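Following are the structures in question.
Each of the next two complexes has chain A plus one other chain: chain B in the first, chain C in the second.
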Partner chain A sequence: MTISRREPWLLLLPAVALLALGFLTPVVGMLVSSVIAPEGGGVTLSNFERLFGSEYYLGAAERSLRLSLIQTALAVILATPIAYIMSRATSWVRTAVLVVVILPLLTSVVVRTFGWVVLMGPAGALSSLPGIELLGAGSQGLLGTEAGVVIAMVQVLLPFAVLTILGVMSSVKQELEEASRMLGANFWRTLRHVVIPLSLPGIASGATLVFALSVSSFITPRLVGGVQLPVLAGTIYVDSTVGLDWPFAAAQSVLLFAGVILVIAATLRLGKVDR
Partner chain B sequence: MRKNRMFPAIVGASITALALASCASGTPEAGGESEERPYEGVELVVTSFGGDWEAALIAGVVEPFEAATGAEVTLVTAYSADALAQITAQAGNPQYDVVHFSGGQELVAAQNDLILPIEASALSTYDELQPLAVEGMADGYGPVIQVTPVGLVYNSEKVTEAPTSWTDVLDPAYAGHVALTDFSNTYGVLSMLRVNDALGSSIDDVTEGLTALGNLAASGDAIVVASSADLQAAFAQRDIWLAPYAQDYAETLRQAGLPVEFVIPEEGITASFITANVVAGRENPELAEMFIDFSLKAEAQQVFAELMRYAPVNTTVELSDDVAGSVLAADQFDTIERYDSQKIADNRQTWTDDWNSRISQ
Partner chain C sequence: MVKSVPLVAKAAAVVLLAFLALYMLVPIIVVAGASLSESRFLAFPPTGLSLEWYVVALTSDVYLGPLQTSLLIAVVAAVIAATLGTAAALAVTRFPLPFSGAIQSFLLSPLIVPTIIMGIGTLTLVSVIGQGPDLWVLVVVHAVLGIPYVMRTVTGVMARSDRFTEEAARTLGAGTWSRYRFVVLPMARPGIVAGAFFAFNISFDDAVIALFLRTPQLETLPIAIYGRLEFSTDPSVAAVSTLMVLITVVTMIALEKAIGLGKAFV
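And now, the complex of A and B:
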């Protein structure tokens, strides 16, 4: 009896070992290096003092958090109806939509982002749309604007949201919807009171995944937003490669990490509440 | 699947290399004959800047080198800063044999013993080289293999009269059509120093240059690019007419079909130097030295000049009139003004912080 209980844990061992090696070790190393003084060791908070004393870095952190929350909200709002339609459609429609959703994942994010750079540039198709200046477009089109970054990022993130939400939505029994409709609720009411609440764990985990991907990405913000709209993931990259200031980059990573943990804790709570 | 076949091959190659390196000290020239090639099949990992630069490296260096030594070159794309970060992180177990730096990173690499000094005797080309190419070797850096002036790249369809001065970037006539380079890229720092000088200041006080360019970016009259790829996109899609940058990428843009020209402003010549360095702690440093020697040969230098407009550092190169007219001439080498690289290294972080706070929105 005791052995059969241990077996599942044994199956977990490879994944745990991989996590310990590839995730825990570097994270602990990062935490440690952010508070070690450069000469002769000893604990120092100078990296954090520099971080919290700089408008530039605080601005980048604020932008990272704000844009990631907007991107997450938009991705989830767009993904939920797609996932719902897929979960209720005939198998070939479902496959077709799945292909369309997954297709962008098969190209490199750099290539996709360059596509957006062309579309959003001063001569790009998007820049000639009426009302585009309401999104902040100027002489450089949507390039160098936060709206441009959000649009490009949501396209990158959408497949992750759709696939995660789809998994849970497919398991919501259609009979429950039929029961709700039979008892007089219309389509929207059924969606709001039956389907969405039952899918909430999937929506929450989709949001978590999208948020984590969003806050840590720097290629798209860099190519579309440019260096004048710094995000924390981008400043970490520059400070660790160009500046070679790893302890300071580590301090920024700790801040980013703390932010992600807080948001993940909050979304996971949200996912549990309605169950 | 490829991995399974590669692994024994690499191990085998390494063992062969070790065995051969310990008993035979073959000269590369003798190695040209059929069986006497001590480096047959040995892998040499070299960093590359990718794109057209890589094409020039393959045609000018990799192919002749492989043919002569039998070694197999693996090119890995890594920009200078990334390459330095990687060999720093891999210290003790480096994954590259030869690293190329374009932003003065060899200074830091040598200080941290990440690269090996190269003896003059290791280079068959030594006596043919410009003094400028080898002066860093005494300090433990690799030789300069490519020299490219930093100047102004402009769109020749939009700008009818070629710019002449560094201060032209500040000319309101170009407002909204200027691309500046971020300080994370050395060209950005060099062009700021140049504009600062042109405004009457010096490297000891860069406030004027920083303020002038910072305001230009903050007001939206200039965009800020970070890489050569960004620069290309800027000229191709973002209606940019003028940008301080280096001649090598101006040539890349021109060959890509963009209507751009390059000009060295009248204030004087500033150049960017690309060095080739032997990474410390690898098995075949002498093979790496041989590769670098191949980069300095007249044949390779000719290819660099023809494809990317690099000024030859080998004085025996004879260029066609067409090419010679658009690269730095040998006698111009003495007039290149070099900024004190130690001053740049000491102040770069302060300048970058200042720059960032000016340009970020």
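And now, the complex of A and C:
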């Protein structure tokens, strides 16, 4: 019997040890380093004072927040009907849509952004569409515009939203919809009052995931938006790899991480109130 | 009787799916198209049709070295993640454990911590207490990223399996080795395969951690592509990007043959 009591812990130990070493230590160490004074090792808030006193960094943080909210809203609004169609479609339609969603998901963000850069450049197909100036396109096409960043980012984020919402949408019983229809509600009313409310937990967790991914992306904003549209994740990258100012980059990471945690906590609360 | 879906809703669904296919696939099609161009410059639609940029990409050290590095890291990270993640999942699904919820949350937490934070944390750590990043540091972080996916797929499969099969094997005298070899691991197999598939692709596609940990000796394929994209270049970068997509397609087909795509994703 002693064997079987030790068995689960022996199974768990390697994974827990690897995460403690390769995940917990670096993340906690980095967060702590944001308040360590360079000489003497005392506690200091100077990195945060510098961060909150700088218009450049506050502007980057504001852009991060604003674009992430827009991207999250667009991704969820598109993903919800797509997930609904997938959950109610015949099996081959479902598989086809699944492939369309998964193939980009499994393609490196660098490669997908590359495609957008070609499309959005001055000679790209997207830049010659009529009315594209309304989105702010100039002599560089959509490159260097926030609209361009949003278009490219939503394509990156959409698969995560669709797959998360699909999981919950598939478990909403079709009998409930039938009951609602038989009791006289039409198709749209049933969607609005039965399907959407029952899928809210999935929509909420999809939104959380997309927001967290969105606010910490810097490759797409950098390649499409360029240096004149800095986002917080981008300034963290530059300050830590080019500037080698790790404590200051750590302070920016604390701000970013705090934002993500706030959103997750708010979503969890929302989910509880709903039940 | 189910009342029918109104025609306008059906039409809207068709339009939405058509838009989805266009939106999701267009960037990939553009890259693949540009790689076939005869011209020396990146363009879409391509001018002329040739495979010469594939020859250029596959014969130059610029991409060949990073391709080998990427494949090596992704395979090793996927094997580590699949092994450790499966073991942990088998522990939390088959035994009543104290703090089981907390342990599972901890093992899944790399999913919600932004990768950029893991990137800068790891870079700082290995630079302060070690000699800076090397290949094995990247393997460890990629394995950490893969473990939650393996945990999720294996716990999913085990939750739907029959718990008493193992009990029966034990009663009939099967030792620890035989129980795992002939009962538990075969039951978990679809979850292990799907988890390993995710872990491989996450490592192979990762650009964030790899950018933070890049050194002149440590460059993965996405980083090599990113580096070329910052300057405008010839279509060989499109050719090598298309090869990356093709490798992903091959792993997707392998997954479909092994357990079916639908099972792995929903």
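Operating definition for what follows: the second predicted complex is superposed on the first by the 250 of 275 C-alpha atoms of A that agree within 3 Å, B and C clash if a C-alpha of one lies under 4 Å from a C-alpha of the other, contacts with A are read in each partner's own complex, and residues count from 1 in each chain.
We take it that a residue touches a chain if its C-beta (ideal position, glycine included) is under 8 Å from a C-beta of that chain, and two chains touch if they have at least 3 such contacts.
Quantities reported herein were computed from a predicted structural model and do not represent experimental measurements.
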- Query: Once chain A from each complex is brought into register, does chain C clash with chain B or fit beside it?
  - Reply: clash
- Task: Please indicate which partner A:65 is in contact with in the superposed arrangement: first for chain B, second for chain C, both, or neither.
- Result: neither
- Message: One more residue to check, A:144. First (chain B), second (chain C), both or neither?
- Response: first
- In the superposed arrangement, does A:230 touch chain B (first), chain C (second), both or neither? first
- Does the superposition put A:124 against chain B (first), chain C (second), both, or neither? both
- Message: With both complexes superposed on chain A, which partner does A:74 reach: first (chain B), second (chain C), both or neither?
- Response: neither
- Give one of first, second, both or neither to describe whether A:56 is in contact with chain B, with chain C, with both, or with none. first
- Message: With both complexes overlaid on chain A, does A:263 touch chain B (first), chain C (second), both or neither?
- Response: neither
- In the superposed arrangement, does chain B or chain C reach more residues of chain A? C
- Classify the contacts of A:238 with the two partner chains as first (chain B alone), second (chain C alone), both, or neither. first
- Stretch of chain B hitting chain C after superposition, from 9-17, 27-35, 81-89 or 243-251, is 81-89
- Task: Across the two complexes, find the residues of chain A that touch chain B and also touch chain C.
- Result: 114, 117-118, 123-124, 223, 240-241
- Message: Quick check on the complex: what are the chain C residues that touch chain A?
- Response: 2-3, 5-6, 9, 12-13, 16-17, 20-21, 23-31, 34, 42-44, 80, 83-85, 87-88, 90-92, 94-95, 97, 103, 106-107, 109-110, 112-118, 120-125, 127, 140-141, 143-144, 147, 151, 176, 201, 204-208, 211-212, 221-222, 225-226, 229-230, 237-238, 241, 244-245, 248-249, 251-252, 261-262, 265-266
- Tell me, which parts of chain B touch chain A in their complex? 81-82, 84-85, 88, 108, 176, 182, 184, 217, 220, 223-226, 230, 233, 237-239, 349, 352-353, 356-357, 359-361
- Task: Can you check the complex and tell me which residues of chain A touch chain C?
- Result: 3, 7-9, 11-12, 14-16, 18-19, 21-23, 25-27, 29-31, 33, 78, 81-82, 85, 91, 93-95, 97-104, 106-119, 123-125, 152, 155, 158-159, 163, 166-167, 170, 178, 181-182, 186-188, 209, 212-213, 215-216, 218-219, 223, 233, 236-237, 240-241, 246, 249-250, 253, 256-257, 260, 264
- If you look only at chain A, which of its residues touch chain B in the complex? 54-56, 59-60, 114, 117-118, 121-124, 138-140, 143-144, 222-223, 226-230, 238, 240-245
